[in-house]
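Could you have a look at this structure, given as structure tokens, before my questions?
Chain IDs A, B, C, D, E and F follow the sequence of writing; residue 1 opens each chain.
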Amino acid sequence: MSQPVQISARNQLKGVVEEIRTEGLLAQVRLRIGGETVTAVITREAVDELELAVGQPALAIIKATEVMLAREA
Amino acid sequence: MSQPVQISARNQLKGVVEEIRTEGLLAQVRLRIGGETVTAVITREAVDELELAVGQPALAIIKATEVMLAREA
Amino acid sequence: MSQPVQISARNQLKGVVEEIRTEGLLAQVRLRIGGETVTAVITREAVDELELAVGQPALAIIKATEVMLAREA
Amino acid sequence: MSQPVQISARNQLKGVVEEIRTEGLLAQVRLRIGGETVTAVITREAVDELELAVGQPALAIIKATEVMLAREA
Amino acid sequence: MSQPVQISARNQLKGVVEEIRTEGLLAQVRLRIGGETVTAVITREAVDELELAVGQPALAIIKATEVMLAREA
Amino acid sequence: MSQPVQISARNQLKGVVEEIRTEGLLAQVRLRIGGETVTAVITREAVDELELAVGQPALAIIKATEVMLAREA
């Protein structure tokens, strides 16, 4: 298991795992966060190591430089 | 101005601009999205071009491969 | 379908879809942009949602902080 | 100086440096690539080390997983 | 302070902070990790929140999809 | 084959390929770098083009803006 850390990423959003789809090396995981759904693509290895499962709490972690902004056109 | 597009990014979260801090080439922008705050670091140019301003609606756009997952330790 | 947006990403390059290869959760899509080919790896879901197809126009969207520079050695 | 390498990134686009703006730790560099302009934000250190200068050839290097796709709305 | 988490990122490399340079919204931080130096650009806010300081232990966290590979030419 | 370049990425870590797992469009490659293991997810195409193989030298290339920092909790 990976060790507990405090991480520099500005975005650490708490939610609940809603769906996990695993194919090949990767998994597509959806979290329910407030009224929104957030989708992550991570390795299958990470899903196994974190023991992620539908219905369990999890956080979406996103570095601020990876976030773009937009306006409705 | 950039043209209106539909984009492949899985995460397109609607919120309201809460804070804009601009220094040098970049800006750090916070959106209020539901009960969460999301922080983006984008270019100052983009802030100007999109005419982002505190109190206005905006979206945070995040590619699914940029999202990590975590569990509380 | 995702809504039309104006996005902060500095790079929004117009081209034509040249190839789509889908396997598992992902798709590898090539665009012809001027004299260059640009390759994207996105989710299969996004390909379906945007109804991307060979021969159709599309844009490659890239955040400026994701672009590296190099010189021929 | 960094050593010559062959790199896995799918996108290696040849162009000419059009503009370099340096402030603080970063630089915003524009390349002219065919009929398009590509903008990169890299460290000032990297600009100095590669001796990038307006009018000189350079390449934009972009990992395929960092490219999103879009359609005009 | 951010809460302790276990994170999905495949790369969690232990080192010691060697240098911190802060300008504007960002900081450029170097870690000594084994015989290598790793450079991160993160927000100044994150440096303050994690109380990073030269000589202290820290980890570099990198998502596997952000790592490219290369061969010496 | 991709051409030899000098690249702006601040992190260019020399190691030896320890494992390659290929499934679908992608490959998960582990490098041994000093006492650490670094994991990359790149396209299968790139593995073939660079002729990466277990036991061979390779470099992990990481843009500084993609590196987060953390402290043990």
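Throughout what follows, a contact is a pair of C-beta atoms (placed from the backbone, for glycine too) under 8 Å apart; a residue touches a chain by one contact, two chains touch by 3 or more.
Because the structure is a prediction, the values reported are computed rather than measured.
Shared contact partners of subunit A and subunit E are B, F. Centroid analysis (C-alpha atoms only) places A farthest from subunit D. Interface repeat of C-D: among A-B, A-E or A-F, the matching pair is A-B, sharing over half of the residue-numbered contact pairs. Taking the CA centroid of subunit E as reference, the farthest chain centroid is that of C.
Note on chain placement: the centre of subunit B and the centre of subunit F lie 29 Å apart, centres being C-alpha means. One inter-chain figure worth recording: subunit B and subunit E are separated by 23 Å, centre to centre, where each centre is the mean of the chain's CA atoms. Subunit D and subunit F have centres, each the mean of its CA atoms, that are 20 Å apart.
Chain contacts: subunit F has residues 3-10, 12, 23-24, 26, 28, 39-43, 45-47, 50, 59, 61, 63-66, 68-73 touching two or more partner chains. Taken together, the touching pairs give a contact graph of some other shape, not a line, ring, star or complete one.
If you check each pair of chains against the touch rule, the ones that pass are A-B, A-C, A-E, A-F, B-C, B-D, B-E, C-D, C-F, D-E, D-F, E-F. Within the complex formed with subunit E, the residues of subunit B that make contact are 21, 23-24, 26-28, 39, 41, 65-66, 68-73. In the complex of the two chains, the subunit A residues touching subunit E come out as 1-10, 12, 40-43, 45-47, 49-50, 59, 61, 63-65. Interface residues of subunit F facing subunit C in the complex, by the touch rule stated above, are 3-9, 23-26, 43, 45, 63, 65. Partner subunit F is touched in their complex by these residues of subunit E: 4-5, 7, 9-13, 28-29, 31, 33-36, 38-42, 46-47, 50-52, 56-73.
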